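Note that subunit A is present in both complexes that follow, paired respectively with subunit B and with subunit C.
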Partner chain A sequence: MSVGPWRTALRALRRDRVALGAAGVIVVFALAALLAPAIAPYSPNAQPDIVGMATLRPSAAHPFGTDVFSRDVLSRVIYGARVSLGVAVLSIALSMTIGTAYGAIAGYAGGATETIMMRLIDALLAIPRVLLLILALALWGSVGLPTLVLMLGLTGWFGTSRLVRERVRALSRGEFAFAARALGASHARVLWRHVLPNALTPVIVAATLGIGNVIVLEASLSYLGIGVRPPNASWGNIIQDGAEAIASGWWIALFPGLAILVTVVAFNLLGDALRDALDPRSPHA
Partner chain B sequence: MRRLLAARAAQSVVIVAVVATVVFALIHLAPGDPFGAALESGKVSPEVRAEWRARYGLDRPLPEQYVRWIGSVARGELGWSFSRNRPVASALAAALPNTVVLMGTALLLSIVLGIAAALLQASRRGSLLDRGSSAVLLVFYSMPEFWLGLMLLLVFAYELPLFPVSGVVDPVVHEYMGAWGRFADRVRHLALPALTLTLLLAAAVARHQRAALLDVARADFTRTARAKGLAPRTILVRHALRNSLGTTITLLGLMFPALLGGAVIVETVFAWPGMGSLATTAIAQRDYPLVTAIALVGAVMTVAGSLIADLLGALADPRLRDA
Partner chain C sequence: MASDPLLDVIDLHTTFATDAGPARAVDGVSFAVGRGETVGLVGESGCGKSVTALSILRLVDGAGRIEKGGRILLEGRDLLSLGEREMREVRGNRVAMIWQEPLSALNPVMTVGDQIAEVARVHAGASRAEAHAKAVEMLRLVGIADPEQRANEYPHQLSGGMRQRVVIAMALVMSPALLIADEPTTALDVTIQAQILELLAEVQRRMGMSILLITHDLGVVAETASRVIVMYAGEVVEEAGVRELFAAAHHPYTEGLMLAMPRVGGKAERLATIPGAVPPPTDWPHGCRFRERCPYSWELCEREHPPLYQIGEGHVSRCHLAIEPERRAHPHPPIAAVVGAGAGA
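Moving on, here comes the complex of A and B:
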């Protein structure tokens, strides 16, 4: 298995201050998510005084203020990171796996199989993903987190399969694949050991950019009230709480939105940097 | 050109058929039926519910329902919306123009703004202006549309009451305004939702267009133009822009599903009575005929949007014609 492009990429990334900063931000958010019980000042669902402490402005005791149920917004944003990042990472892992497998099979098979498989992808890509998810989630009523991950993962792999197919198609007709076949390697072995490792670079870029995308998507669904359900805090449903109280408590919607923004910008910056580092045509590589 | 058109039109029909089938399957796989809520309230006996189901054909085998449904859609009969108590077609006719106005405004503004921003950036590559505006564009590109909408609402409707909070027209005084006043009223209501969508879409257009312009800047013909002594500005507009416009238009076609999805979400933030608002109430009330029709219209809009984008792209760039 070739490690060439990886090493080049890592070396290029290490010199890229923007990419390092972005990776740092992602690590901080990931740590906050993992260590939420230790660092959150309050319990995310505690409603200490629903009359006297509701919708308090940001202060030393509550840096992000409190919401209409007197819950601490900072603690909810920290716990929300667990749900929002966890859902995004897991669903991206799922969609990258499906997309890679599908694209690899289509690209390696070639011929009519490939044509039919990719025409189906064209059709699936034309469906507005948000509408499809709204429809499915609303029809099924309240779904748990595993189902939400499943639905986001199952609707997110179409673009990846195209990228992989293109690479696999080019590589599997290359001389080294031909040589491996001549040495008696099976199709499965050639695909798995020789073609796929070399076809994965666009998948890494797509996964990084995709995480940012899914964070926004999950937030949108939770904002509509059909994604992550209360009392589970996710960045999207905290914003929904804030939207209902927008005139009396701007801070409830502002801070979780900033959390989304900072995370997604970091993932997009890292993805852009990875693409520059991994793209052989790029002048920085 | 004609072959491209024929191929893309055939593909469009297939896409709409796939979407229709997926939507039908989803609706009928999901638990519950339109009369579930009535049953839970305890006022409706199981016998009455069975009769209702029979009247709407919900007791037939699934393949039969599917064939009947495809048949009636093909004849243009979209059915009766039981949540709005009016024909599905008339509910759609009321909502669709609002969504088209919102999306059309955002699309036009973002193409103009996005390309202008990219030209400005590419003409001063590496400058403070280029890097600063790239950062700003990335922030908008990364922003959830509903949150941007909320923040604009907070600042420009609540803190500084410059624009109305929701709707397409003023519910009270609109009827009493003159023609000019009515137009201004509509523009004031459109401003914030359209701005939300425009900012996000323009950021995507500009990011792509800047990269495309810089790609072309490395091409041989650009070097030739420079060697001929053409002004940098002429090269940028006459050579680089012309050669990169096609891919940007194609990109807009690919982004059309996301734009429609974005419009749906922005509509809910501003209570804009378009397809998005219609969809959320239709789904909440399990109004199957309306839900399926909305999904179909969405698919047709998406397909039409990408078809138009492909054709415009081919007009702008002959190299895209035999794709």
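Moving on, here comes the complex of A and C:
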């Protein structure tokens, strides 16, 4: 039986009920997001009767009720999953890529290059991310989704680069990296084929935990009115709509709020389980 | 040794920058390795033998530096004059190295087949399929049963002996002219040690390469090498054919190493040790570097750094006893032993 480290981790994960549950929840939300047009009962932006159907309580026709513009909240939450999860996944992919590349170069290069690169990271980490984003987004004026992804991605990689640098630094001074060089591999090849694959486990954990973070971050920005712009639905701006009408329609803010809570908890649980499963010192391996 | 050696190291100096000043780890080393020959490079840890090996591969980066002036001729070409790209062509292709601890020399997240194939892909530009076929062929060559299956396994699934066979397979992919083996059996069980040495001898017969065998174990040298170079404190202190060396070691350090060797059938007495330790490479003593640990040293040894004296055919020794051999009859306690005993009391 051939057992690679990834397969060993996967096997450990499969025995972990909490992780399986979390992964199940994530799959359900991801499917809802992907299949939104097919499963949403109404169009998310349709306002069938702004006078007669506004702020209806949850019912069989509208399980999550309607909002002040008579839009179906369930449909908006489903379409909001598209935006919230999509933005989170894409921006995390971007920040993990940048962070890994930056950390890998710094850690492999060592010396003055490493020192300068990492002091820059220290400086960037000293600026609160939300502040940075609010500033950038406010200056930008109206941003589209691609710009939002770009900004979340560009402000999210500093911590990752630290994680990667530390691993790459240790591994590239280790024996098998040296042995590979002694057999004629170039620095680039040693880094790409031997060092990085061994340095990726903390990145995978950080990415999983990071998705939860970015979902909350995007919701906060949208809530503040500088993230995803109406009429596009994201969980954050549905909550904002609901907050304005909290006295007359509690359900408008409640359901997207629950959606955020459940997905973020699921991503965090899965991240923790991954950390255990991928840790070579953990008892499963 | 043939007149045209495969490897000719001439006046190699490798220095490391340390907080205590430059450490001259390899300090004027010259030796040659003939084609198809196995040469043992012997000495205790810290004597500079591994740094010599890494210098041949030009892999002493970081704080280390090979000083200008020396030459490392491989097949007539000076490796010290090559650019990094040309040097990469040499590594793994003309010169390959095997390591003391095979588990840490292998990538834990790559199958052993892929790791062997990697060498063929780097040097021969082999396709994925060709490289994989080569990996299986190499595993068979180094005596691993069921190579198709083993190729898909990871290092942690193999035994220590099998891992070392994999490391050897990686080194042999390109049929190098020179194989440098740095303590290849030290980390292995005794029974496995013999198998690995046998394997090395067999692949050498088949492929005709030269082997530079680095070890602290004279027993290993006696079994495999035809010629021995003894290093001490960054220098070559003695060089001789293996029979000559075991029959008539000249340098007191070599003599000490032999006395420290356990022998089958020997009397069950305590093994001899050489008192003291190798001096720090930042501060080689003036005169003979072995002087304080030597039972024969006299005033000349303090005054004058001994040259390599010709002792016999192909036998040189860096010891003044060559000019005053009668002193060997009158050993005295070495300075290090006297000082050591004084400090201990």
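By definition in this document, the second predicted complex is superposed on the first by the 279 of 285 C-alpha atoms of A that agree within 3 Å, B and C clash if a C-alpha of one lies under 4 Å from a C-alpha of the other, contacts with A are read in each partner's own complex, and residues count from 1 in each chain.
Heads up, the rule we're going with is that a contact is a pair of C-beta atoms (placed from the backbone, for glycine too) under 8 Å apart; a residue touches a chain by one contact, two chains touch by 3 or more.
Predicted, not measured: the structure shown is a model, and the values here were computed from it.
Q: With everything superposed onto subunit A, say whether subunit B and subunit C fit together or clash.
A: Subunit B/subunit C on subunit A - fit side by side.
Q: Of subunit B and subunit C, which one touches more of subunit A's residues?
A: B
Q: In the combined three-chain arrangement, what's the angle at subunit A toward subunit B and subunit C (CA centres, steps of 10°)?
A: The vertex angle at subunit A equals 100 degrees.
Q: Examine A:Pro197 and indicate which partner it touches, taking first as subunit B and second as subunit C; both and neither are also allowed.
A: After superposing on A, A:Pro197 lies in contact with subunit C but is clear of subunit B.
Q: Once the shared chain is lined up, is A:Gly212 touching subunit B (first), subunit C (second), both, or neither of them?
A: Only subunit B is touched by A:Gly212; subunit C is not.
Q: Thinking of the overlay built on chain A, is A:Leu183 touched by subunit B (first), by subunit C (second), by both, or by neither?
A: It touches subunit C, and subunit B stays clear.
Q: Applying the touch criterion given at the start, work out whether A:Val51 contacts subunit B, subunit C, both or neither, answering first, second, both or neither.
A: A:Val51 contacts neither subunit B nor subunit C.
Q: Once the shared chain is lined up, is A:Gly174 touching subunit B (first), subunit C (second), both, or neither of them?
A: second
Q: Quick check for you: in the superposed arrangement, does A:Ala253 touch first (subunit B), second (subunit C), both or neither?
A: Once the two structures are laid over each other on A, A:Ala253 reaches subunit B alone.
Q: So, A:Ala60: does it touch subunit B (first), subunit C (second), both, or neither?
A: A:Ala60 contacts neither subunit B nor subunit C.
Q: Once you lay one complex on the other using chain A, what is the shortest C-alpha distance from subunit B to subunit C, in Å?
A: Minimum C-alpha separation, subunit B to subunit C, in the superposed model is 20 Å.
Q: Please output the residues of subunit A touching subunit C within their complex, sorted ascending.
A: It comes out as residues 2-6, 174-176, 178-186, 189, 193-194, 197-198.
Q: Which positions of subunit C touch subunit A when the two form their complex?
A: Residues 57, 59, 88-93, 96-97, 99, 101, 104-111, 118-119, 122-123, 152-154, 157, 167, 170-171 of subunit C touch subunit A in their complex.
Q: Using the touch definition from the top, list the residues of subunit B that touch subunit A in their complex.
A: Contacts found on subunit B: 11, 14-15, 18-19, 22-23, 26-27, 30-32, 138-139, 141-147, 150-151, 153-154, 158, 254, 257-258, 260-262, 264-265, 268-269, 279-280, 283-284, 286, 291, 295, 298-299, 302-303, 306.
Q: Quick check: in the complex, which residue numbers of subunit A touch subunit B?
A: It comes out as residues 119-120, 122-132, 134-136, 138-141, 212, 216, 219-220, 223-224, 236, 239, 242-243, 246-247, 250, 253-254, 257, 260-261, 264-265, 268-269.
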